[in-house]
Every structure is written in C-alpha cells, then in structure tokens.
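Each of the two complexes below includes chain A, the first together with chain B, the second together with chain C.
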Partner chain A sequence: MSVAEASQTPLDRLRRLGEARSLAIIGIWLGVLAVWLSVPPFTIRALVVPAAAAVLGASLGLWALTRGERKLGWWAIGVALLAILVALWFQSEESAELESVFSIGLLAATFRFAAPLAFAAMGGIFSERSGVVNIGLEGMMLAGAFFGIVVVAETGQWELGLLGAMAAGAVLALIHAFFSIHLRADQIISGFAINFLALGVTGYLFRSIYGTRGTPELEERIPNVHLPLIEDIPFFGDLFGNLNLMIWLMFAVVLTSFIVLFKTPIGLRIRSVGEHPKAADTVGISVFKVRYAAVILSGVLAALGGAYLSFGTGNAFNENMTAGRGFIALAAVIFGNWRPFGAFGACLLFGFSSALALRLQGSPLLPSDLASANLLSTLPYVLTLVVLVGVIGRSRGPAAAGRPYVKQ
Partner chain B sequence: MSDGPAAVTPVPPPPEPEGGGSVSGLQAFYDRAGGLLVPVAAAFLAFLIGGIVVLVTEKSLTAPFEAYKAIFEGTGVTWFIPGVGDTAEEARDLQQTLLITTPLILTALAVAFAFRCGMFNIGGQGQYWVGLLTGIWFGTHFDGAPMALHITLTVVAALLAGALWGGIAGALKATTGAHEVISTIMLNWIAIWVGKWLLEAPDGYLQGTDPSLPRSNDVLDSAKLSEVWNWGGLQPLHAGIFIALFAVLVYHLLLNRTTLGYEVRAVGFNPDAAAYGGISVKKNYFLALAISGGFAGLAGAIDLLGWKYRLTSTEFDANLLGFVGIAVALLGRNKAVGILFAAFLFGALDVGTSPRQLDPEVFNPELATNLATMIQALIIAFVGAEFLILYLWRARKRVGWAGPRRVEPELKP
Partner chain C sequence: MADIPLLELKGITKRFPGVIANDHVDFELVKGEVHALLGENGAGKSTLMNILYGLYHPDEGEVRLDGKRVRIDSPRAAIDLGIGMVHQHFMLIPVMTVAENIVLGVEPHSGPFLNIDAAEKRVRDLSERFGLAVRPEALIESISVGMQQRVEILKALYRGAEILILDEPTAVLTPQEAEELFEIIRSLQAEGKSIVFITHKLGEVLAIADRVTVLRRGKTIETVPREGATEEGLARLMVGREVLLRVDKTPAQPGDPLLTVEDLRVFDERHLEAVRGVSLEVRAGEIVGIAGVDGNGQSELVEAITGLRRPESGRVVAVGEDITNEGARDSLEAGVGHIPEDRQRRGLVLDFTLAENIALKDYCEEPDSKWGWLYPKRLVARAKRLLTEFDVRGGGPQTLAASLSGGNQQKVVVAREVSRDPRILVAAQPTRGLDVGAIEFVHRRLVAERDEGRAILLVSFELDEILSLSDRILVMYEGRVVGEYSPDVSEEELGIAMTGGGREVAA
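Let's look at the complex of A and B:
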C-alpha cells in the first residue's frame, strides 16, 4: 500500500504541475495579447479591453502560483502588470506616433535581429547540454561571417558561402573541443581564447586579403523566400510572405533542436553526457564522441548565424562585426534555461528590444535620452542577471557543464 | 597537496583531476607544476604559429623575421641594452610600452586575485570601464581642489566603483550561487552600453561641452597625474606606473601575509575544506571579487588621469585592456612577479604592433595589431592547455631530442 502511495504522489504532483504550467503559459500569452491590443494595428482606445485581458492573465498566473508553478506564474503576473502599464501609457499617445514605431516592420526587424542570436543559441544549447561550456560562440559567429563572405566573394554562390562559414565554425569548434575535451583545459579559458583567436584571424586575413578596401560588392546574397500564396493575406502575408531564407531555416533549426534533444535517443545521449558522464560511459555511450559532435555542431550553427549577418541581412564584413552577439546568444541560452524554445523566446525578446530601440530613436514616444538605443541594449544582460539570481525562477544548467571528463 | 614522488619528477604526470577541473583544481596544479616551462613554451609556440601565419600570407621566407624584428624594435626594449640604436628614440618607444604595461598589470591583478579564490573574473573589462567612467565624473568636477586631494579622491572613487561592479558578481555568487563567469560577462556588457549611453545620448551625463561629439570633457589639470619620465614623443610616462607597482606589492602581501589572503587562498584551494575550517566561503567570494574589481577600477582611473584625460565612445569597441589582462594573469600564473613580466610582454607587443611604431613598409600595422591579438589568443589557449605542452615536452624525449634517456632519481618530498 505504502509503495503504491509513494509512487503515486510524485506523479500526481507532476500532473498538477503540468496543469499549472499550461495555465501559466496561457496567462503569459494573455498578457502579451493585452499589450498587442493597445498597439497598432488594433490601437484599442478603451482601457477596459487590454486591462481585462491582463487581469485574466494575472489571475491565471496567480492560480498557477498556488499550484506550485512559481517561475511561469510570476512571469504571467509580470507580463500582465507590464501590459496594463503599456496600455495606460499608450492611451495618451497619438495614433500616428504609435504607428510610426509599431508596425509589421517592427516584427520583421525582430526576426532579423533574432535570427543570428537564435542560430548561435541553439549551438550553445547543444554544446552546454553535452557538458562543454562554450563562451566561444562569439568567435565562431565571427569566423562564419568572415569565411562565409570570402567564399561568396570568390565563387559568387551563397550556398557555397554557407558551407564555407559552417566549415570555419566547425574548425574553431574543433579546436575548442580538442582543448577542452582531450587536453582537459579549462573550458572558459579555451572558449575565451577562441574568441580572441577568431578576432585576430579574421581581422588579419580581412586586412591581408582586402586591404583597406573592405569586402567587394557581392553578386549574391542569401535570398528571400517569396510565398505568392501567403503574400496576399493582409497582416500575415506582409510578415511571412517575403522572409529571408535564413529566418525560415532558423524556425526549422529551433524545432529540430527541440525534437533532437528531447524526443530522440541522440538527445538523450547528449543530455546524459552533460548531466552525468560517468553513468553515460557505464552504459556504453562514448562521452568524448558525443561531446565532440555537440561542440562541432555548436560551431556550425553559430557560424550560420554569423553568415546571416555578413551576407544575409548585410552585404559586407567589418572587423569584429558580431559586436557581442555571441554573448547575447549565451545570455539567451541561460535565460531560456538551456531549452530550445526557451532560448528562442529569449532571442525573440532580445531581438525585439533591439528592433524597438532602433525605432524609438528620435521617436516622440519617449524622452530623448531615455530613447537611447544604448540603454535598451543592456536589456538582455540585465534580464539574464535577473534570471541567474533567481528572482523570477532560477535557471539551472547541465550538472556536468564545465567539467572535463576523465575516462577511468 | 602531497602527491608523492610523481609530482617532483622532471616530467610531471597528467595531473589528477582533483577538484573536477575546477578553477581551484587548476590553481593547485599550477602550484605543483611550478616552473617556467608552461608559460615560456606557450609564448614560444604562440609566436611560432604567428610567424607561420605571416610566412604563409606574405609568401616570403624572411617576412616573419622582418616582421618580428620591426615589432621588437618598436617596443623600445633595446633601451636596456646600451650602445644599440638611438637612445632617445628607444626611450620614447619604451615610454609607450610602459604606458600600456601599467593598466595591464592592474587588470591582470583583477583576474589573478579572484583566481586565487577559485573564481574566474572575466569582468575586468567592465570593472575597468566603470572605474574610468567614475573617474571622469570626479576628474571633471571639484574645480579648484588641491591637486593631491583631487587625485586621491578620483582614484579612490574609481577604485570603489570598480570594487562595486566586481562586488555585484561576488555578492550574487555568495547569495544565490550565480556563476561568476556568466554574471561578469553580463556586467561587462552592461558597463559598456551604459558607458556609451552616458557619452552619446543627446545630453549624455558625462558628455563634454560639445554636444555633437560623443566624448567627455578633459579632466581638470588638478586631477592629472604628474609625468615621471619624459623623452618627448606623444605621451610621457606618468606616475600611475608607481601606483601599479605598489598594487602588485599590495597584491602579494595581501595574499601571502594577511589573514584575508590566507582565507582567500584556502577557499581557492578547496571551498569545502575551508568551510570546515571555519572560514566563511561566501564572505571571501564577495571580498575577492570586490578587491579584484578594485584593481580593475584603479586601472581605469590611472589610464584616465595619466594620459587619456577623456573618453570617446568609440573606445569602448577598441580598448580590450581588461580582456588582455586575462591573458597576462594566465601567462604570469597569478604570481606577482610573473604578472609584471607578462604585462610587460603584452604591453610591448601592443606598442610594437601599433600603427605609430611600425613601419608600414616592413609590415602593415593593421596586420600586426591583429597578429598580436592572435598571439595573445594562442598564449591563452596554450597556457590553459598545459597538457598539450607537457605532452609535447614528453614527446620531445620520446623522439630523442633530449638525448639519451636518463633514469631520474626519485625525490622524496
């Protein structure tokens, strides 16, 4: 009897938590909806509508809280409060001013800003889930951006450029993997060296190959995908009808990352190696092989993000052009609690804040010095610190991340 | 850490994974392996690979030697050897080298002190900026204050600001267990963006009198550090170098001669054992990162008061002194004397490859600065991967470079 009870209680708790989770997630979305209702194209002037949605979202969050789902519950309440504030504020603003900032363009820009982050973040998740901390994402992105554009400039084919970028990212990742897995170097030191190395190598070769002229004008870049059927749908079509190929690839990579990590035996292996390498080794999983594969994959993905920067949305390479995006991706990994959808959500949030910062510059919506894009740029880092500290739910990494594995 | 005879044979065995590869385990290994082998070999390998890169890209066998010679001559190191070259010119070059060495010593101490407590402070760059920005405010205010007072006030304020920035990461680690690597990375970027905001935004709080330029005013004359060595040239050497040398002394004494240092090192070796011995691990995490931040903040202050005098927002992208400090600390093995030498090496590398010192006819300075970054990266990687060096060292014996194999007497500790 007691055995049956003991085995049921945690299961019940899990089920309750599952319900609470979905309630809280619905609450968060209601809060988002409340914000959305008060901006164009809806611009609902009656405060009641967004407020009602927000209150409903908050109460769902509260309900989830009482049922033990603390993190998402607090999130729902926070988003709802934010929604009410935003609604209150926007009621007093002119419609035209709101429309100049909030438009389809803002969402499209969000995707553009989020894409490089999302690629690198998925890479970071694979690497860290296998137990290798990768702060070298920044350098791998930079290498992808440079070597990709070199190949495009030489061959005139963006497909080959992507391959070149992936190869460059893989080589850098291989170095990181060799140092941190085989040589058991400190993974932070190794990753840090990778960043510096990529900075030096790309800068050196950039100057050595192109001198002061910069990269030549590209004949080809990563193309946009026209979807004639969708393009004509009013709102949806404007957003999705003409997106860059890499943004579709980003959606695919995020989805695949989730499926691979959590729904396949491969993912189970990766996660087990990251949580308890000795146990994984005991059941016959090669810790070294899994870690090598995961780290190299992280380099390939990060390099794709870099390639999108240099010949997807942009058309030239500049020294140190990633400018800290690899670290934002790292922040997204932590913020998203080492989960693909969580990290992707964080990338969208950080991308949105960048896009918003760009549009708020000079907008009458905010006092000028507050509208500075610089201050809004701190958002990813501040939010990550907040999550790290555990004010809104603690984020926890894989148990064995950062520790080299010594086979016995 | 008594490991028996194996640890003292000339060929150290693969170190035990004590501390599970943690920073403290690494430090314990550093202390045991000792010696100059790893840093010297790491630097040698890095310069070798850098030379190969030059060889391949310049497509000339002599190019690496010419490049390194030109870089070396630009550092002014030859000043120490009498009778070689033009003394005044050498002195001007050496002046520049020492000017960069000064902040590097301090940013390296910022990494090293935390390292001795078992933590990796990547936040030296952010702490440097916070110190420098605080220095700007104090340096441009208090007109008419007496010089000694004004300098002391500015330097202390910057030091405390840096300590605060480092202390945030320390407090977070102590109270919530947030990993200091992540939090210091985040704090770096927060410092950079807030700094840009302060200098750039329309009417940024630290922006100078010209609203069209994203830069601060010069600090007042009463806050400028005095010159100590002036052979002409662009910037004379300032008194900050004595502050940096004094800081090295403080670092050494604090770590090795005080209770605080003893506790910090004990926590660094093994936090569990330290806690068992009645040492507050949390307190030491906080103090170590705060003191680390203080060193980096000091670096920002004396750079500002010594020769920069003002800050332009573009410098946030160009100035990597805090990050290079990590390389310096690693190469100097977190030891006072080692840091001095390593800081001088990196300072010299920085100056020797700068566009001002290097003749573009011999080697393009734009390539050289990137070559320097590459060499720094390789040194970091190789020092971090002692196994590689020790492996090569052993392979050398296996191939027979080291002559016939001798049976080394086993030393009892």
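Let's look at the complex of A and C:
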C-alpha cells in the first residue's frame, strides 16, 4: 500500500481532491476549524467567521451527499451544525472562563494523556502486524510502571529505571511469545493471563516492599526538555518549549515505527509474516524469529508507556494504575488501521477528550449538574467511539493475526 | 538434451500418520527439459516436490544435484541451490504489491531503507527478459489469477532458480491463460531452465512435456518419453486399469417431471439480475445439462433451486411441492440433493470428520439422533459403509475432511448426497479439479443415479462433460436459457450459443 501511495504523481493527488470523499473530509475539517475559531487563543467574537466556515463545510458535505458519499457527507453537515451551536454558546461566555478550559495547557495535557497510550499502541502494531494479537499490553504497561519505579527508587537514576521497565516488559512479552508462538496457545487467553500475572505480581510486590506507605518520594523522575530558543516563540514555544523527554520520545517512536514498518526490508518481512506466514516461510523468512522479535518489542514499548505513567508524568505507583490504558491502546491500533500515524491520531483524540473532560469538571461553562466528574469522565470514551466508529468505519487487520503458525 | 541428470531423487520415502505418501520414489530431471509428474490426486506428487523444496523432510532416500548429494532442510536451502517452486495455492500476500511480493526476503535496499524503485526496475527487467507481463506496482488482490501465477514464476526467477517446479499450474487458469502459460514454459525452456510440471491432466502432458513420470499411490510407475505416449496409455499407467474416457450410457427413459422452474428471476449479491426469467423442467430418469460460460447466472439458479438464495419472482416446484421461498432445509426435505460447486466452502466443513460431514444433513433425524441426543457411533458406522462403497481413499470416518485430496473430498460429498436417496439431484461442477479416475467415478455414478429414476440437473463449464452426460442440453447466457439441444449437437454450435450467438428459444 505504501508503495502504491508513493508512486502517485502530484497530479493524481490533485484529481483525488475533487472526489466526493475528499470533499466530505474537507467539509468535516472546516466544521472542526469553525469550532476552533470560537475558542482561545482566537476567540473570534463575530459569529459570522465561524459560521462562514461551518456553512462552507456543510455545503461541501451536501455536495458530497449528492455525489454519493452519504456517510461522510452527513458527518460534514453534522459537524457544521455542532460548530454553529458551539459558537453561539461560547459567544455568551466570559473570555476568562473560556481560557480556563481552552488553553495551551489543554494541548500539553493532551500529549500527557496520549503518550502512555501511544507507546503501547506502537507496541501493539508491531505485535499484530507480525500476526500475534497482544491483549497483554495492559499487563506489560503495568509491569513497566512498577519495575521501573522500583529501580528508580533503589538507584535514584531514571535512566536505569527506564531500562528496568523495558526489561520487565520484555520478560512478560517473552512469556506471551513463547505461549502463543511455540506452544500455539490461544493468543487471547495467553494475553489475559499476562494481564492477570502482571496485576498479581506488581500488586503483591508493591505491598510486600512498600507496605501501606506506597512508593517513596522519588529523587529523580524523567526530566522535561527545555528548549531555550523555542520557548520564546509565542504559542508554539509555550507548548513545545518545555515538554517531558518521553513526549519527544513518543514522537520519535511513532515516526520510527512508520519508517520501519513501511520503508525498510524489516518492515516488509514483519508485515508479510502477519499476512501470510507460509508465503514468508517459503521465501526463507523465519516466521518464529520475526514474531518473537515483534512481540518482545511490543512489550518493551508498552513498558515505556507504563514507566511514563509512574515516574514521568506521575511520581508514584498505585495498584493497577494503568486502569485499562492497554486496552484503549489496543482499540487505537484497530481504529488506526494498524498504522502508526492512524493509531497515534486515535491516541491523540483520546488524550484530547480526556484532557477536555478534566478541565470541564467544575467549569462555569457547564451547568453544575453536567460538570460532575462522573459524567464527564465518560467523555473520552464516548467521543472517541463516536468519532472513530462513525467516521472511520471498518478497518482491516493483518490476515494472520491471532493464528499460530504451524511449520510442517 | 544432455544425458547426465541435473537432479536425481532416489528412493524417497515419506510417511504421514497412517499413510505412506511416497514409497521409494525415483525421479530424475535433465537440464533444459520439461518433465511432467503425472498422477491422480493423492498419488504423492505434491509431497515429492515439497520434499525437493525443503518443506517436508523425507524419512528415507537422497537428493542429488549435479551428481552431488545435497541436504535440503528448508525452502531457503532449496532457493540457494537454484530450485524454485510455484505452489498450487499461491504464496502471495494479497495486500502487497507485485514488486514487494517478488523481492520479499531478498529486498534491494539503500542503507537500512527498502529501495522500492530498484525492486520495481528489477521486476520489470526480469518480466521483459522472460516475457512475463506484470505490473510491478499493482496490488496482488487487484490482478487476475493468471498474472498472480506469473508473479509466482518471477519470484522464483528473481531468486536465480534454474529448476522450476510448477504444482498443478493450470488448475486455476482459464483455457486462454493456460495457453499463455505454455508459451511462458517454452520460453523458459529456451533460456535453459529445467521444469517439473505436476499435473493430472493428460492433454497438458502431451502438449508440453518432454518426458513423463507417472506416480500411483506413492510409487513410481514408469518414466516415458512423450513421443509415442497416448492419453489412453497414460491414463492406464496413472489409474492402474483401463479407464473409459467416454461415458457409457443407454438412452434415457424420462418419466414424470420432478423439478419444474417457472419464469425464475434471481438477483446476485450486488443486486444485479443474474437469472432473468428461466423456465425449465427435469424429468425422472434424465440428465439435463446446463452449459454456459462461468458467471451467466448458473450459480444463482442453482442456489435458488436449493434454497440458498431467495428468488425475486417465479416458481420452483420439486416433486409437486412449491419450494420457491423456502430455505435449504425445506428444499432438501422436498427431495432435492445438492452437489455444490465449491466443495470446500459449501460442500464440507473442513474441520469436521468425514463421519460428521456425511451426517450434516441428517444429524437431526433418527437414527443419527433421537430426542436431541446425537449418537456418534451410528454416524461412524454409516460413514464406514459409505466410504467403502464410494471408494474414498486417504482416511476413515474419523479423518478430518481437510486432510483429504480434492477428488476424495468430492467423493464424500457425492456419497452424502446420493445416499440420502433424493428424487432430484442438482450437481454443480461435480468434477472440478478432479483427476481422470475420480471423474470417471463421478460420471458413472451420476448415470447410475439417473437410471435409478432420479432427475438430475447438471451444471458444468466443461463442454466435454455436458456433451457426454446430458440427455438434454440447455445453454445459459446472461441469465437466460438461450437454447435447447440434444446431446449429438456439435461442440462448435454449443460454443456459439454460449457466447450469445445461438438461436433464441421461448422456453
């Protein structure tokens, strides 16, 4: 697929822009832009500006509708209507109140919420692209969170903590790999076993080492990266001038995952093993080796996500602190069509809605009964589901995912 | 042709649980020849070649290449020795491009990156050199089966194959594509490549091979040159007895009409009208053949008759009972038996045992079950009897259907349908992919069932089959019956009708 895309001429791309599908997508984005225009830092008070963008988006949607692109067309119209409602609503709110929710902090928080998911999701992509379903991401994250913080607490060095986390994730992944590749166990069951194993082991060790006091205060955590030059740029600098090291690592991992999977021989082999292992075998590729490597890599990446939770953005370990993030990451893999940028987009969307929900809690923007923590905490799940299921629809995964390979 | 063999297989023996697939098989290949490996389904041809390609490991015997003994324990080793194989089921990844599939495992790269431009260029060069037209940037799932096969051949050539094994290469091809393949084989031969051509089709052997080695039940029977070989002689070697390539039958004694179809209209899954007002009648004791090119509504017609697809309008009456809008269960209870065109998808549950497959339609009735309780021993007992009667080889009642060869799978389907004693038998492509022995068996059985007084509707794309079995022939074209012929019609006339040039019949 990547090759087909690369070999398109610019003219082909231009022609594609005229298709109904592309029009509808542009319409949807115009609706999103209309919402964005009415919040800080723009906070355009003149209703006409966001309304114009929304109307344009809706008409593109309508045009797409008449040319047969029904689903996306309706979406463009829906988003445009929503944008006008939001714009009307925000007209009447105080600027300061809007700024308390919609600030640069919202974007920074989006990255913070998305990072653990993104690491695990990239891991999931490697594993599934090689044909091994990895439900155990959750447990691998948890193990990374716990064993990472233990090493940091013992040595006082976050670098060693990261290594410790990665080792823990790799060990769990190795167990999953052995069961699902060598013993041909059901990969779902093996993955669940990994999750329970991680939950049990970390919970037991956590209590037996730290008792009721919890993890000790850390001398070191994963540091932020100060970029003096960028820090001074308005807006952009506020966001990127002082990010945690792991956020930068996340960007690097996503980009590298894409390059490895789609631009290198290694990636071609991983994908071939996940699509048609026998075909790979008959050209001399070792299905077992590729799968082991991919699954272990997935454990390492998931554990990095866990480490960020416990001593990157946080500073302590709690029992079951991953709280289902591994599964969200798995969902991001599927929504993202087993592609790094797609999955990253899904993680960002989830991160954004989590951050938004957190900021809307108790905000004067909402009536008090709507601003309750309980209701708002469902927002990320609802929003992610609606957007991803609605817009993206069916995705197609690696053909051999979940099926053990039997060599004759 | 040089006299020193390029490749020698000596005394190869391979045992699988319960079967000896190869029993001290000898085979030799000289440089530049096309050597056909002929045998029935399950004779051990593919096993032998999978051993040569390193996919199976022989229990006994040796492989010699250029006179030196070699050990081939993996496909990689075979590739390194210059052996390439085109598998019967293509080893291609549908979602990847032609070029990606060809270079997989030996990718051209610049630094750590895949150099896809170089890959496409090499593929283009190779395809020009050997005259194998492919589009390097096309996705495998979007190209024809014939082109997929060329990709497989290029895959082997790209890896420097000198010996090319083609495993039943024509099984999936149209006649035109098969002819193109023969051209390709001749040009490969001219380039000095040596080719092993696995097949069970006699005509192909005579068309393309220099020599023929015949396998039967895992043993080498004989190696003969093409000169002087005849279809009858090869068939005898292959099956081990005289084979009638023509069906023997007496004139039909048609009785009452059992199956009546009136003005039937059926849509396909894209909601296009596939059957456009077909009327026909099949009487007891006759075989009505439906001739036509694939995709002219035959499949949908069969599905409508057997209750697998709901017709839009019209009527289907089986043995006096209107089953137009009924399901498959009603259809079979009305007395319709069905040999489906795709035995692996519709005829059998591949992960079930033969006993379970044979009981698929009767499991819910006595004696198979009573008060919702299944009696597996009764299923096995019945299966044992039927497997013997229908000469199914390669497994017993407890064998999984998936492990049988295609011909034997088909015999299981025929056994189930015929043993249910249906008044009407709908046979769609009953001999697709079968070898001469199995074809002869199925044909004889169909004629015997006709003589028992059943009404048989035969759908086939093979003109030979239609002509030799049918008592009446209907030609379907674009969803309509465009002509009715008696079996002494010429192939030519039928061919013209099948492409829409025949006389119109208001049937």
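Going forward, the second predicted complex is superposed on the first by the 314 of 408 C-alpha atoms of A that agree within 3 Å, B and C clash if a C-alpha of one lies under 4 Å from a C-alpha of the other, contacts with A are read in each partner's own complex, and residues count from 1 in each chain.
Just so we're on the same page, a contact is a pair of C-beta atoms (placed from the backbone, for glycine too) under 8 Å apart; a residue touches a chain by one contact, two chains touch by 3 or more.
Source: prediction; values computed, not measured.
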| item | value |
| --- | --- |
| Partner chain(s) touched by A:Ser103 [first = chain B, second = chain C, both, neither] | neither |
| Touching partner for A:Leu183 - first (chain B), second (chain C), both, neither | first |
| First, second, both or neither for A:Asn315, with chain B first and chain C second | neither |
| Chain B versus chain C as contact partner of A:Gly267, first or second or both or neither | second |
| Chain B versus chain C as contact partner of A:Thr384, first or second or both or neither | first |
| Partner chain(s) touched by A:Ser208 [first = chain B, second = chain C, both, neither] | first |
| Which partner reaches more residues of chain A (counting touched residues only), chain B or chain C | B |
| Common interface residues of chain A - those touching chain B in one complex and chain C in the other | none |
| Residues of chain A defined as touching chain B within the complex | 133, 135, 175, 179, 182-186, 188-190, 192-197, 199-201, 203-205, 207-208, 212, 320, 323-324, 327, 330-331, 334, 368-369, 372, 374-375, 377-378, 380-382, 384-385, 388-390, 394, 397, 402-404, 406 |
| Footprint of chain C on chain A - complex, ascending | 1, 3-4, 6-7, 259, 263-269, 271-272, 275-276, 278-285, 396, 399, 408 |
| Residue numbers on chain B that touch chain A, as the complex places them | 17, 20-23, 26, 53, 57, 120, 122, 172, 176, 178-179, 181-183, 185-187, 189-190, 192-194, 196-197, 200-204, 317, 323, 326-327, 330, 364, 366-367, 369-378, 380-381, 383-388 |
| Complex interface listing, chain C residues touching chain A | 50, 53, 55-56, 74-76, 79, 85, 87, 91-97, 99-101, 104-107, 109, 112-114, 116, 120, 137, 139, 155, 159 |
